[in-house]
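Lettered A, B, C and D in written order, each chain numbered from 1.
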Amino acid sequence: MAILLLDIITTASILFVVAAGLLIVFGVLKIINFAHGGFLTIGGYAALVTTQLHWNPWMALPVALLAGLVLGAFVERLVVRPLYARPLDAILATWGLSIVMVQMITIAFGRGTNFVESPVQGAIPIAGDTYSLYRLIMLGVAIILGAIMIGILQGTRLGLTARAVIMNENLSRSLGINSGLVRFATFSIGSGLAALAGALITPLLSVDPLMGVPWLLNAFMLVMVSGTSLISLGAACLVLGGAQVAISTYSSPVLGALSIMVLAAVLLRIRPAGFARA
Amino acid sequence: MSEALAVETLTSGYGEAMVLRDVTLRVMAGEVLTVLGKNGMGKTTLLKTIMGFLPVRRGQISIFSQSTVGQPPHHLAGRAVAYSPQDQAIFQELTVEENLQLGLPRVTRLAPELKRVAAIFPFLAERRRQLAGTLSGGEQKMLIMARALIARPKLMLVDEITEGLQPSIILRLANVLRQEKSANGTAILLIEQNVSFALSVADRYAVLSRGEVVDQGDAHQPGADTSIAEHLSV
Amino acid sequence: MKHLIPTALAAAIACFCATVPAHAADDTVKIGIPVGLSGANSVVAPSVVQAAKLAAQEINDKGGIMGRKIELVVADDGSGADGAVKAFNSLIFQDHVNTIITMETSAARNAGLPVVARGKTPFIYTSYYEGRSCSPYLYVDAWVPDQQVASIVDYFMKEKGAKTFFLAGSDYAFGRGMLEFTRKYIAAHGGKVVEEEYLPMDASDWTAVLSKLRADHPDALISSTAGGAPNVTLTKQLRAAGINVLFGNLGVDEGTAKAIGPDAAGVYISQSYLTSIDDAQNQAFKAGLQKMFGADMKTPNDLSEPEYDGIYLYKAAVEKAGSFNEAKVVSELGKVSFTGPRGTITMDKQHHAPLTMYLGQVQPDGSVKVIQTFKNIDPGQQCPKLKS
Amino acid sequence: MPDSAALACPVRLPSQRGRTERRLILVFSVIALALAAAGPLLLDTYSISILIRSFLYGAIAVTVDILWGFTGILSFGQAAFFGIGAYALGLSVTQYDFTAPIVTAALIGGPLVAAAAAGLVAWLGFGPKVTPLYISVITLVLSVIFVQMIYSGGDFTGSSSGLSNFDTFDISMEGWFRVAGVFLVAVTAAGWIFVRSDFGRLLVAIRENEQRCRYCGINTARVKTLLLIGSAIITALAGFAYAGYNDVIAPDLGNFQFGTQLVIWVALGGRGTLIGPAVAAVLIDFISAWLSGSLPFIWQLIIGLVFIVVIVLLPQGLGPAVANLFRRGRTRPVAARLAPLPDADAAGSGALPAIQVESVSRNYGSLHVLQDVTFTAGAGELVSLVGPNGAGKTTLIRCLSDGQERSSGRVAIEGNPIGRLAPEACVRFGLGRKFQTPNVFDALTVAESLRIARSRQERLSFVRTADEVRLPAAAMRVVQATGLSSQLGTTVKHLSHGAKQALELAMVLAMEPRVLLLDEPTAGLTKSERSLIGEVLVELVRAHGLCILLIEHDLEFVREISSRIIVLHQGSIVMDGTVEEVTNSELVHTIYAGEPHAVAA
């Protein structure tokens, strides 16, 4: 039972870390970034490069974040900016972008599965059993990341500005907020977070050009049910991620893998606001 | 007296529909101009065009003798212009304090400025941590006014601030605006439907009907209200 | 006016289509290799192509097949059914190849079979797979579950005293096919399967499976996952969870095991080809590759070496038939033999071949140590409806 | 009045255009069919084998375009429907035998299962209050689930390996080429006729302004559901043919990558052009069969890059961009004739109040926009709703016309409680609503808009464009007096603000409502237009016994035409009385403008 609970909260943590970047982009820009999986992959390869250069494995995190930020900045300028008024087209264009990113990575690194050195190894004893240390670290990472993001949003001028743009863009602009700049920064940060998440999950996974795709759909569904709130996202990750773990454990992992998508789809039909308060 | 706002032969609108036609207006520093008119006559469109939310089709807009045509809305705040829109003028989900903070430039500290506006509207200090959406209608209007004043603007654009308010609060707002004008020399463009309030604050008036200025004059001149009433009832 | 454009485009298509391809010249023999240059198999595809090139060069240097030089035609099948239909069609009907000899995914192989039947083209499949794919034109020179599973399960039961088994696989044909056979085999030999779990092919989170594994305390874990990522994630997460259990992996090749690094140490694998096989043919094979490709050489493996054998088997069949006639070659393919790096191969058991299997264990340095050798394991009843 | 038909003297009538167009389609189809017939003689086997598949994909692209380009439904799920059709044949044949009854069962069963899946998806995706994005999400999930089911199916479905080499039709490759070619031509031609029909214009209307469609009494969710089901059936048939020809089925036929690929083809070919997507699908699939072998990764990269560029810079797609190079001059506008309808039954039932509102409240969180509003209005009354901005007037109208809007209380229209009914159901009780800002279909012509407003009375044709727009007298008067009658062929987005207002009013009147809810119908109109509207409204009330609830700021106008005035202030009714009572009330003056003379003037 203790293990099941640990499985649930660590799974929720991983989902939270993966979906956070997508959420802030959706929150401020009102578009779904289908290249999110691509940025996740970029993060994975940033970690790979770090390993290949024999740097400290923890260095993968800043490297990935930086790569995501820079690439996100370019993408915002070139692809996303003209599409703010056409949200469905933005989905398509970012999906096209993810195809391009996957192919570029394939051309540069090959189609093969690669391995990244994990910054920590092994398991620690817990509740009379052993548990993966890295998964526990992911719990901590999710809490810290959530706290930092909420801290920035609630406690800084930047966060206040971003929240103001989310709530009422025109009013914000009339108060002197350069909403174009806010969008630019948000997309960059969202992409940076996606890449960071990619680097964070690679010690548990392998790195290959398509590593982002399976995460994209779950992250997407989680964001759909969370609206624009990080707290809602946390709740959605716990509930739907918990359902995934429970269904995988007590029924079959194949059903479990579909559970987030199916439950979210049904939830949205019954309660369009999802986990966000109506 | 310098010219705070000059609108010359301005034409603008939404899409292909022109709402404003050849509108010319001027507001001097330390002067209140009120623009009166019924709904759908182009008053709000005028402010939105001045702010840069709508493109200028023809004509010229200058603020403190510099053209602002083609500039994005956020540039105007940097020129000490405070805009209080009619609809959705506050962030309901933000606190009173955060709403005020957003009225200030990035570098300015809130505390002393808050103290200053709280002297005018004391409830602001008491309810600073309350969500703005939970304030009463009148308090929300006062918050809008406070947010405009907190940045020490040189030009205020105020859109139907009295709408739906009790007479006592309207009176209070009139006092605040008069005080601001005379104490700080602020230029104010006041969009109104409430003629008596408008005339009690304004130095000059203009009446907008179907996108054109149909009457203007000195607000203190006797008979101004009758002239306005005539044009309003067209 | 508006309608002129579609019509013009239609005409353009027609012109484009009309560029009729050249027919095979009479002095060459064309061997078609539809392979996953893109998609899941793109990792291993280059080594397959290299094995084929080596065989072709060796044969051509000695005068070719009945005087005709081999010409290889490689086509990308995208590692999937849709791409394979395209690739087979283009090879058989556009390039008019004499035979298809290749390693592919099961989906691609299945997709190719109807095209092969339409073209009546001999087809040697050189990839290990889940078994029981049957067609008069299809021959297989790689292993099936009946040959591989026995070695690992027997070893675990006899040498390690394992009685309870936990099976985990990717949810796809190979994963399910292998584990299904394993389950039956274990039951038939007095063992017990405590759990059989599958994870979607592209999923990477084994948490729930590992929790069950932990709760069940089996004597051994046998996995059959999709190549590449799932192998890695399972091994890594197993080690990260601190679970130490006897672990046999049916779906990992030597190269991947090596790349996983220290986490793979101790894992048992069973293959028909290992680079460390110590015979003259293997030495010559490796030396040939080294000479031909130098620094670009891909490490040969259990998916690439059978391609080399396959081309030699085709040569033998043509020479025995005394003709390139497809029907005659097909009927000879099950009778001829070739002795290569894996020993002597004859596809005489219902179009499949008895093979020597090597049980190996991955060492901390990534090398694979041969623990036991199982000689000439029979493929069992793969295609009882076929004559030979 | 009957002469009005002669007033509009359009250049060409839609049916004439329809005839020419249909002749063109016929010619085009014959050429295409001839190509399909002759193809096997001209082409090599390889091209034929690839084109068979490309043709099938082209047909699916047409369905994607009807859904997305015309109706605005972005579906990633066509792949799943394709897979269902293909697996229906493959599974039936491998489980049973290749006999006529089994194959027929698969031919019918596959599309049926696809239709059922589409129905389920539509139920989830076209629910009330869901964003347009949501249907894309659900169709995407459908593809994922489909693939997962196939993977888990073990020997039954062949899992990842799929099934192949099953017994199939004994048709030569040339035969299949013709089957696929005819299928593509048939689907494209039928689609072409369909999207140009009156019903096809409704699809565009739904894309442009679904809300207005619903307030025209059109159950848009049902239209979209049927459309999705139809597309699923066609796509499943293509899947059936694919499996029959290739003798192969595999999970990647149904995965979401294939679904997105279809969308990419449609976007590149030009959404909303039908021919563009069909040509793009055939061309790209065919060319990639030739090129992808030699440049597997680069090819994907190029497609991805071109796709991004097209979406960002050429949202209309490459097809129209190319076509524009060749196009000389614009097609002439097509108009229709107006035809008057005989006057409907004048008297309302009269027994029940037309509008009955009982303690209706509306809260947005802690904000009370309406509080305990109660009133009734009967047939023959023209009730004006006045009050300062933010008093809740528009919210009240919303609560009367959409059962989902109010927080509490009861509303009945012509004696029918509206419960929680959607607008399209409320409209059927005889309600007509005009919005504050013109709520019209920008991409349609005036005639098309009016016809869609009449669609509940006169069924829209699936194949033809009607020559006449039949309008009841009131709508006819508005159309003629505001000059719309001479602009029947004009696209609505080119109309002036005032003309749009008039058009929306005419559309509402065209529905022959018993109860009219009008939110500032004269804003932006000239004085003469305004007095005309006033006359029409008064006549509707006096002569036809309608009940009208009117929001208006022009108090003079209100005084002239109202029989009664309700004053709303801060969400509550503060006064309900005759014109004299209200205009003379001090209380009202204070509320409304802070000073008496603003009203009294």
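The criterion applied here is as follows: a contact is a pair of C-beta atoms (placed from the backbone, for glycine too) under 8 Å apart; a residue touches a chain by one contact, two chains touch by 3 or more.
Owing to the predicted nature of the structure, the values given are computational and were not obtained by experimental measurement.
Counting C-beta pairs in contact, the pair that comes out ahead of the other among A-B and A-D is A-D. Between the CA-based centres of subunit A and subunit B the separation comes to 43 Å, rounded to the whole angstrom.
Averaging C-alpha coordinates per chain places the centre of subunit A 35 Å away from that of subunit D.
Distance between subunit B and subunit D, defined via averaged C-alpha coordinates, is recorded as 41 Å. If each chain is reduced to the centroid of its CA atoms, subunit B and subunit C end up 77 Å from each other. The residues of subunit D that reach two or more other chains are 148, 151-152, 297, 300, listed in rising order. In subunit C, 38, 42, 171, 198, 200 are the positions where the chain touches two or more neighbouring chains simultaneously.
Residue numbers of subunit A whose C-beta contacts span two or more other chains: 106, 254, 257. Those chain pairs judged to touch are A-B, A-C, A-D, B-D, C-D. Against subunit A, the residues of subunit C that register as touching in their complex are 38-40, 42-43, 171, 197-200, 202-205, 207-209, 211-212, 214-215, 228-229, 231-233, 236-237, 239-243, 256, 259-261.
Of all residues in subunit B, those touching subunit D in their complex are 14-17, 19, 38-40, 86, 133-134, 137, 160, 162-164, 167, 170, 193-197, 225, 229-230, 232-233.
The touching residues of subunit D, counted against subunit A in their complex, run 74, 123-124, 127, 129-134, 136-138, 140-141, 144-145, 148, 151-152, 260, 263-264, 267, 297-298, 300-301, 303-305, 307-308, 311-313, 315. The part of subunit A that touches subunit C in the complex is made up of residues 3-4, 7, 10-11, 14, 106, 110-115, 118, 121-124, 129-135, 203-206, 208, 210-211, 213-214, 245, 248-249, 252-254, 256-257.
For subunit C in complex with subunit D, the residues that touch the partner chain are 1-7, 9-10, 13-14, 16-18, 20-21, 37-38, 42, 75-76, 78, 80-83, 85-87, 89-90, 93-94, 105-107, 109-111, 113-114, 117-118, 130, 135, 171-174, 176-177, 180, 198, 200-201.
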